[in-house]
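Both complexes shown next keep subunit A, but they swap its partner, so subunit B is in the first and subunit C is in the second.
Right, the complex of A and B next:
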């Protein structure tokens, strides 16, 4: 291996361990997505709640803010004490970190719906629920999507740290690289796919977000 | 009124989601009444060797049984792996070394006789933690003094005892944790062999091989199974006074798991005595120097020796 340049080593490594890298890639992505999906399940209703009851805004956002300030390594280690080793710990960490962007964007999206549209809805005799599902959500879905996109990109980074609690993922490959004799290429083989995953995710969700944007907003752009 | 109803709906939604979260969180762990899991979790340490053995077990189990296997990689030490087993975070520990478990996990005095040491560890792990320790894979990982071939010739070295006349001229690089160990550390070593080196550099174990190769020190104390012994063509000096306890390597499994599944118990026996010291060195070498993942190395080994067709050689 000594004769090969770093890039040659990198391609050699991918050529011989391709399936393994792919497995870890998928596992890494799944852990990130699960955490964010759970956060969306909890965060979107919470966002709706605080846009309805502004007095709840302070406490809920403060709690989410505080969670956000905990360093990821500390968060993962603390959760490990409660949840044990394995990917569930990292999924919960991703869930907690994703709450803030999703709650905030949901609330902001709903608040930005113009009173005129709401009035029009009410004028048609819509119930509160219909108003939410047929007017407010469609108008704010792209803003909510922006929050999810933000959360997922962060989660991909946090999952890499999760290797320290035995969760697997591309972080495993990075740690391996630090242990091997000439591990530079192995570190790259773990780090580059992680970065690539974050970039592609950001790009795809950005596209989805654009597609979901209401026509009026698109024209404004 | 409307405000009130909204609050209620909000609270209802919120509690449903918390409930969903709770249920999904609980399903994976902490059963009060025993039932055999569908997924087995294998704990491995961060060493190459541990991960290779872990992936071999994973491949074998997934091929021979219906279990799915999840790896819990990169644990810091064998004590952490044992903790994982005790806490029900893992079911199988891929590599347990007699010496480390005896003095570390079990807190017993060091034992020089390999047979007795193995017996004690096996018995106590079962007694205290209901963990079953399998027979050795066939290799022992032990501390070993090594020199480059050039130095071996120059000082005429084949055993550790041969170092005695020249030790006062030589510097040594050793594992930092070895320096102050009781039983098999530097002080006891000096007493048994009757010499000390000119100077001893405690350092991280992964660095000693490179240090020897680059001539920074003449003698190093490394692990007998490390792949770099081969890549740097180092000579292992024979421990002629049997000072270093043998760290026989085997797997440990939670007793409950195999009591409820005799077939699995048999499958786990398939690697008993099958991996010799030189085989392990070769496998470690492939992972450490030839850019192969432990998972790949393990799979290739099993394929090469026909494990998936029921064979084992």
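Right, the complex of A and C next:
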């Protein structure tokens, strides 16, 4: 590859290893999404819980906050001690990091629902469940979506580190590049798709969030 | 057959909030089917608390509330609320639902089939004179008044027999408010619904209510028809709530013929003759006489026009008198009296009792006095305008 510029080397690498990069891209994305989805499954109910019982707000948010402050490399390494090498360790790390934004946004979204809508819903004879499903969730879904979007973008970054503990993904390519002499092009072949993935995810989920916004909010924008 | 139970009844109901604040204390109240009842009073007087106890939004701490004869304690609160319409001040349409979905929210909770719900939405939106296209719009695309129209029909959508309204028109401009008041009154009259409304607007209560319930500090101070409240306010508090302006107006509007009339009108017996009549007119400087029989029954009127062409003083009055064109019973109200005098231009109207005994006469000048009182009031200075005119006159002469 001597004599080629960095960008020529980059395209050359992609040309010859395209399928491999795509495979790692998909793998990377899947690991990130799994972690966030699990966090949503746990975080949304927790968010609903603390919006109902405000005294739980302190303890739950504190724990999630502490998790958030652990540096990702430390987190991944510590989890590795328990869970061993492999995808599962990174998925759990993503799960833990995603909890805070999802819980917080769920609670904030529910708290932002106008008391007038709640009073009207209750007065018209909605059960608590109907109130949640027909009024509160639809009115706060865009705020919850913002939390998920935030979590997924962060998770894509964390997954890149996951290669240190044996998880696949675009991080694998980056490490390959750092180990090789003059591996700049290889690093780029791992790093650029990672960045692209984060940007596109952010953009697509932003669009979804906007579509889900209740009619009034949409009009105001 | 036993009489139907009242639509809503409060028996010794109290509501004490945690912390000991007494919102409502031991109230008793019956609201009949098809009645329009307004709760009015100062804020914190317990009227909203009372209203919200009817559909179980608040649970009384003592006493019983029955709806259509059933103790609401024994009814599932969800079912109870679905059977009672609810209209609130901030309208509370669901911002994420179309107008159609908003209107048919309760039918949907009651699991009506979709076609029936759609038909209902169309029928109801027609009733409030909004175009059918609005069904597919969202609340934010409607004006405040239009939104509250939807709020009102949402409360009717599932044939609720009772509709609770908590200051429903408080946030609307006066014109819109008036239109909605007319709408609500019409719905109540046409559809026979029972409406219970909390308001702080006395004019609204007077205009709409069949009965006004005045509350202060958790007690019912007065429970009576608007007429009764206006003419006989129970105490100082009620009088203040009504305000001096309305009280005076009400007093004037409720004056009876007996209170306005001049008693002892100039009259003549039917068997007297023309000469007697002329003497009477001459003596009292009047141009007409009330003709009465032996028992003082008003039988006719004799006026100058009739006398003009008669030359024989021996003619009997009974043969010349003409019929009484209009007369008024002594307990009739001012409104009934002003109509013949002002609209039909009579100079005077005789006043009789139930048995047609002549009691008095109301002239245009008597009416002037009444209107004068209504404008200036009679309490402090009985004749401010007259005195003023006199003062000015004297000042001018100097």
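What we mean here is this: the second predicted complex is superposed on the first by the 221 of 221 C-alpha atoms of A that agree within 3 Å, B and C clash if a C-alpha of one lies under 4 Å from a C-alpha of the other, contacts with A are read in each partner's own complex, and residues count from 1 in each chain.
Basically, contacts are C-beta pairs under 8 Å (C-beta built on N, C-alpha and C of every residue); 3 or more make two chains touch, one makes a residue touch a chain.
This one's a predicted model, so the numbers in the text were calculated from it and none came from an experiment.
**Student:** Let's test your reading of the overlay: on subunit A, do subunit B and subunit C clash or fit side by side?
**Tutor:** Result for subunit B and subunit C: fit.
**Student:** I'd like to know which partner A:16 touches here: subunit B for first, subunit C for second, both or neither.
**Tutor:** Only subunit B is touched by A:16; subunit C is not.
**Student:** Touch check for A:163: first (subunit B), second (subunit C), both, or neither?
**Tutor:** first
**Student:** Using centres of C-alpha atoms, tell me the angle at subunit A that subunit B and subunit C span after the overlay, to the nearest 10°.
**Tutor:** After fitting both complexes on chain A, the angle is 170 degrees.
**Student:** With the two complexes superposed on chain A, say which partner A:66 touches: subunit B (first), subunit C (second), both, or neither.
**Tutor:** Neither subunit B nor subunit C is touched by A:66.
**Student:** Now for A:45: first (subunit B), second (subunit C), both, or neither, which partner does it touch?
**Tutor:** A:45 sits against subunit B, while subunit C stays out of touch.
**Student:** Taking the superposition on A as described, I'd like to know which of subunit B and subunit C A:181 touches: first, second, both or neither.
**Tutor:** In the superposition, A:181 contacts subunit B only.
**Student:** As a test of reading the superposition: which chain, subunit B or subunit C, is in touch with more residues of subunit A?
**Tutor:** B
**Student:** Quick check on the superposed pair: does A:123 touch subunit B, subunit C, both, or neither? Answer first, second, both or neither.
**Tutor:** A:123 contacts subunit C only, not subunit B.
**Student:** Mind working out whether A:200 is in touch with subunit B, subunit C, both or neither, as first, second, both or neither?
**Tutor:** After superposition on chain A, A:200 lies in contact with neither partner.
**Student:** Which value in Å is the smallest Cα separation between subunit B and subunit C when the structures are fitted on chain A?
**Tutor:** Minimum C-alpha separation, subunit B to subunit C: 12 Å.
**Student:** Residue numbers of subunit C touching subunit A in their complex, please.
**Tutor:** 55, 57, 78-83, 86, 88, 90-96, 105-106, 109, 138-141, 154, 164
**Student:** Which subunit A residues qualify as touching subunit C in the complex?
**Tutor:** 114, 116-117, 119-127, 130, 134-135, 138-139, 214-216, 219
**Student:** Can you list the subunit A residues touching subunit B in their complex?
**Tutor:** By the definition above, subunit A touches subunit B via 1, 9, 12-13, 16-17, 20, 38, 41-42, 45-46, 48-49, 52-53, 83-88, 92, 95, 128, 163-164, 166, 168, 172-173, 175-176, 179-182, 185-186.
**Student:** Write out the stretch or stretches of subunit B touching subunit A in their complex.
**Tutor:** Listed in rising order, the residues are 2-3, 6-7, 10, 13-14, 17-18, 20-21, 24-25, 28-29, 41, 43, 46-48, 51, 70-75, 84, 87-90, 206, 209-210, 227-228, 231, 287-296.
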